[in-house]
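Same chain, two partners: subunit A is paired with subunit B first, then with subunit C.
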Partner chain A sequence: MSTVATSQIKLTPEHARPRASVRSRLQDALPKIVLAPSFAITIVFVYGFILWTIYLSFTNSKTFPSYVITGSRAYQRLWGWTFDTDPPSSWYTSITNMGIFGFLYILICLALGLFLAILLDQKIRGEGMLRPIYLYPMALSFIVTGVAWKWFLDPGLGLEQTLHQWGWTSFHFDWIKNKDFVIYTVVIAGVWQASGFIMAMFLAGLRGIDGEIMKAAQIDGATTFQLYRRIVIPLLRPIFLSAFIVLAHLAIKSYDLVVALTSGGPGGSAWLPSNFMYEYTFKRNEMAVGSASAVIMLMTIVAIIVPYLYSELREKPR
Partner chain B sequence: MLRKLLIGTALATSFAFSAHAADVKEVQMLHWWTSGGEAAALNVLKGDLAKEGYAWKDVPVAGGGGDAAMTALKAMVAAGNYPTASQMLGYTVLDYAAAGVMGDLTETAKKEGWDKSVPAALQKFSVYEGKWVAAPVNVHSVNWLWINKAVMDKIGGTEPKTFDDFIALLDKAKAAGVIPLALGGQNWQEATMFDSVVLSTGGPEFYKKAFNDLDDASLKSDTMKKSFDNLAKLVTYVDPNFSGRDWNLATAMVIKGDALVQVMGDWAKGEFHAAKKTPGTDFLCYRFPGTDGSVIYNSDMFGMFNVPDDRKAAQVALATATLSKSFQSAFNVVKGSVPARTDVPDTDFDACGKKGIADLKAANDGGTLFGSLAQGYGAPPAVANAYKDVVSKFVHGQIKTSDEAVTELVKAIDDAK
Partner chain C sequence: MSAVTTPARQASGGVNVKTVNRIVIYGLLALFAVFYLMPLFVMLVTSFKTMDEIQNGNMLALPRAPTFDPWLKAWGETCVGLTCAGIKGYFWNSIKMVVPAVLISTMLGALNGYVLTKWRFRGATLVFGLMLFACFIPFQSVLLPMATILGSVGRFGVTLQNSIGTSFGLGNSTVNLVFVHVVYGIGFTTLFFRNYYEAFPTELVKAAQVDGASFFQIFRRIMLPNSMPIFVVTVIYQFTNIWNDFLFASAYAGTGDAMPMTVALNNVVNTSTGVVEYNVNMAAAMIAALPTLLVYVLAGRYFVRGLMAGAVKG
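Entry: the complex of A and B
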């Protein structure tokens, strides 16, 4: 195209034109050039490796990847383990824990975050100081959260021991040592860490609501409860979407919290699918089974997130 | 500007490559011996190599620990970037050898006479298809009791010779108000203890059949069921907070006198040493009751990779230094284990170390030296971890009876094979 352009203006005295054209073409292409590396990295390291993992799950890879497709034995084993409930197989424990943890973690974080945000939004004094206090846990890594809560919840070191020393000797709280309750301690630590961040998201949402609407509602005689129930919470819907997505991915990728807090729990009773995946791929040298479990995790996320995103984002243009 | 950048990158890369090619006087080592005692023990080797003019370079591992190191090693090998050597355990060496990435030290082995001096059971893991691929550094044994002597004297206990004696001793401790058994409720610790229980309950032949040969009939047998019953008995003597405790904290309970005894491998001795305790006066080491004469072992090895020719001299120097008698003695005195060759003098070792060396020699001669299943020397990792699952679920109550435990064990091992 540029040669055509130069040949057309050959006779004109403006020699600066071809240069300008090169520069403008460069300017047009610049965003693409700048984005290309990150685009390529995403294609290879996210989508490429997803495909690679799917491929590996159909091989009989053990310690090292093997590239000969041998069928779906890995999935058959996982499927068999899904119904091994007594005694629970590690996979059964992992997926039921994921259900319990994911549901409670997302629900409690959303509820607590919204509640704290509403309280902080009452134009109270010292908000600037209170907000970072709630937000601070998010700045910690899961390892730190896990270790701190591990000590706090340990009956021989933390809460129970302290209360016993203060004289309340009948107090008993050993969830972290109990195979049936250990997953709830993971919920407690996870909620403690993330709810402040969710609060900040809701707070930003609350600040974005037009004061005129609130005033109009108050003039119409709405009670405070009605105000929040009918106006504020529905207006916060996009925040709910963002918070849900943030929490859902935090829940599904939770691995370090379980390791640091419980080191797997008594008899492996605190495992999540991510722990199962790492354990089988890297410690047991059953890469095919590990890959298959990773694929199932991905499918679960897709099954939850895609319909939700679809329904939420489709309504916007309407 | 872009061109300058490109040239700069190219230059930097070529520098890196040329620096790499010249590095023949260097040993690149992947290991996870970073804690005080272990690092001190390794410094002996660094010193020996420095005398011969070889520099030591640690391959960094993010996060530390054996699992992280193995993940790092897998990535390095997949990228074709082999370290000179890596600390490795049991079946991992054979896996890598089968993948064809290990070097060949047979010449050095012949010259140094490793065939005769290294116990045959260890050679199963350091020799692959007739070629030496790894240099064993030490032999740990698992079937030990570690007892606080002050507590033992207080309750008037004596060395337990049978499993029933052991239960009687634990009862005495319970009556005296100390925690009888210090256990960390993590699956590998429970399974490590169960290794000893099985050897004690079924005897050497049974242990070998069940946990080294994975013989179905033995795994299903009543003896295995009885072993689980015995394990259940032992678990009644632990304190309520045992679940999830690290092994060294359990050792600390014995050191402090809060607990009477821990069943643990001889790496526990390092903790006693670090606390300035002497065997015989502060603590006692006995074989697990009913296992005298047999040794359940695991061993740290330096796996030697198939490095380029210009780095082979450094590798040979490393392997020779690792299995030299002086290093074997100096290292293992500090580490708490015993030498990986049976002809090292025991003069520098303490009482427990001397007993360990004598036991290893006897077990090697008598054919009662067995790989620990819990430590990955009895069967490949998939089987070993399935075994740990079952034992741990039994200890923590997901598996309720010993009948169920035996069924689950057979199923899990079959599934993992």
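Entry: the complex of A and C
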């Protein structure tokens, strides 16, 4: 009753208030009581746990958590490994892979998504059939995607073998077994999975553009290319931003795909920071280092998401 | 642009250019359709081939003598780790985990969305912001504390089991996963319902209040009957996400009988003992993919809407 009905309450005389029974006060508090468990869960299991992880990263926890603060040794080790390039440390490999994967994945998904959306927006017959075909990979688990592409890219079984049979015997494609190129196969599978969704986002954006603007530009003699470059793409700016946030978020969280597609790659060469965290925490008994890497992942997301959420929630004060 | 063709262009042989353009556009679209369909196609045909045909034949060829055996073997016989009883048990594990997790998180989301839009209070935006941000955290940053807590709860469950004969499900991996998915899913479900109810006319709620309807009466009689579309969207979104989850599943039920489908599939495919049966692997992958694919085929429109709602806030 708190906010919605204030105007009605004004009509009731002042002396009515002290007589508010326990029951009606309960009614007033009910919305907050209903919301409270969810909020409490979020505070404890999200924010509390984040603080816990941060705390652990400053201890010397190995196999079991230890709660004696021993300083920033875990971060110092990560920092040291950042420059360990010969032979590359697991951390160096992970963050380099993150850079390569994140950059290419986001860029290609955006470019391909926009391209397909523009093509589909040309009054295509059969659009209703094509759209679901482009989009269905998003419904699959990363594990399934990984299994499918692992098979497809396997030099002995997949694409290479097929092209050999068709007579192109010099064709060679073994990226998935090559420690320097394995991360690019993760890019291929990742783009395959997400680009259709980005297409759908751009398509929705294109459909929202006022047709009058396009007509006016065409009457002024703009070519199709100019039309898109000067008018349509700038109008899609908010979609670019949303798509970027979605992709950046998916990229940093990617874990399953690397596991299923490459099992970590030869010698861990396909690791992303998420794989690094999992391995160090649960398999190599370096809990403090694992926690420190998780904190770094979180900070990266915070740097991207918080300004975005802040502007989204603030723009429309209600 | 095809929508409007200026007379000038048509006059100068534009029709020809236009035809060529259309051919190029359709060609490109078809090419990309092949790109997206290829892995699924290969997975499907391979799952119907014999091992002999796989080793000697072409990946893209249709099966010469289609056999359903790989599917049967994947379902009932293939080895997951050391147990060789197929993936059927793990499939049911996933169902047992997904159904309660989706229902609970969706109901909570609906209630939260209702409170956050129709019973606004000071600080509601902050509460929502905090819940919303929780959707975006990398789960690695909560993985370890949750494992510790679940471990303690499990030990407590064992104590209960020994002293009073029942553990009330404490320490059961499926229960744990349901809990984890509810905890990290309510951010999304709340977001969906909040955005939906935001557009729902507040006048109706006010009118009902004046008539003396209570908080829950309004929710049940006015909000719920008008929430069907967002329920479908939320259920599909949660179902897909939880079914496809691998990180939580492998961290909290990575071994043992409660393993969900995704973990079991990964184990089947990465087993290094004996001959690798690719057809069985592909059949297992298809079985793991079928529920979400089915949902996508049956309710694709809602699926897309859910993804969009998760992507475009506001």
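Rule of thumb we're sticking to: the second predicted complex is superposed on the first by the 268 of 318 C-alpha atoms of A that agree within 3 Å, B and C clash if a C-alpha of one lies under 4 Å from a C-alpha of the other, contacts with A are read in each partner's own complex, and residues count from 1 in each chain.
Simple rule for what comes next: a residue touches a chain if its C-beta (ideal position, glycine included) is under 8 Å from a C-beta of that chain, and two chains touch if they have at least 3 such contacts.
In this text the structure is predicted, and so the values were computed from the model without any measurement.
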{"item": "Combined model on subunit A: subunit C and subunit B, fit or clash", "value": "clash"}
{"item": "Contacts of A:G190 with subunit B and subunit C, given as first, second, both or neither", "value": "neither"}
{"item": "Subunit A residues touched - subunit C or subunit B, whichever exceeds", "value": "C"}
{"item": "First (subunit B), second (subunit C), both or neither touched by A:S274", "value": "second"}
{"item": "Partner chain in contact with A:P155 - subunit B first, subunit C second, else both or neither", "value": "first"}
{"item": "First (subunit B), second (subunit C), both or neither touched by A:G102", "value": "neither"}
{"item": "Partner chain(s) touched by A:S263 [first = subunit B, second = subunit C, both, neither]", "value": "both"}
{"item": "Which of subunit B and subunit C A:L119 touches, first, second, both or neither", "value": "second"}
{"item": "Partner chain in contact with A:F282 - subunit B first, subunit C second, else both or neither", "value": "both"}
{"item": "Subunit B versus subunit C as contact partner of A:E312, first or second or both or neither", "value": "second"}
{"item": "Partner chain in contact with A:S38 - subunit B first, subunit C second, else both or neither", "value": "second"}
{"item": "Region of subunit C that runs into subunit B when the structures are aligned on their shared chain, from 95-103, 149-157 or 221-229", "value": "149-157"}
{"item": "Doubly contacted subunit A residues - partners subunit C and subunit B", "value": "65, 263, 282"}
{"item": "Subunit A - residues contacting subunit C, complex", "value": "1-5, 8, 27, 30-32, 34-35, 37-39, 41-43, 45-50, 52-53, 56, 65, 116, 119-120, 122-124, 130, 132-145, 147-152, 157-159, 161-162, 165, 192, 196-197, 200-201, 204, 211, 214-215, 218-219, 221, 224, 227, 242-243, 245-246, 249, 252-253, 255-256, 259-260, 263, 274, 277-278, 281-282, 287, 290-291, 293-295, 297-298, 301, 305-306, 309, 312-313, 315-316, 318"}
{"item": "Touching residues (chain side subunit B, partner subunit A) in the complex", "value": "67, 70-71, 74, 78, 92, 95-96, 99, 185-187, 240-241, 243-244, 380-382, 385-386, 389, 392-393, 395-400, 404, 408, 415-416"}
{"item": "Residues of subunit C touching subunit A in the complex", "value": "1-4, 6, 25-26, 28-29, 32-33, 35-40, 42-43, 46, 54, 58-60, 108, 111-112, 115-116, 118-121, 125, 127-134, 136-146, 148, 183-184, 186-187, 190, 202, 205-206, 209-210, 214-216, 240, 243-244, 246-247, 251, 262, 265-266, 269-270, 278, 281-282, 285, 288-289, 292-293, 295-297, 300, 303-304, 307-308, 310-314"}
{"item": "Of subunit A, residues touching subunit B in the complex", "value": "62-65, 77, 87-88, 90, 154-156, 174, 176-177, 179, 262-269, 279, 282-286"}
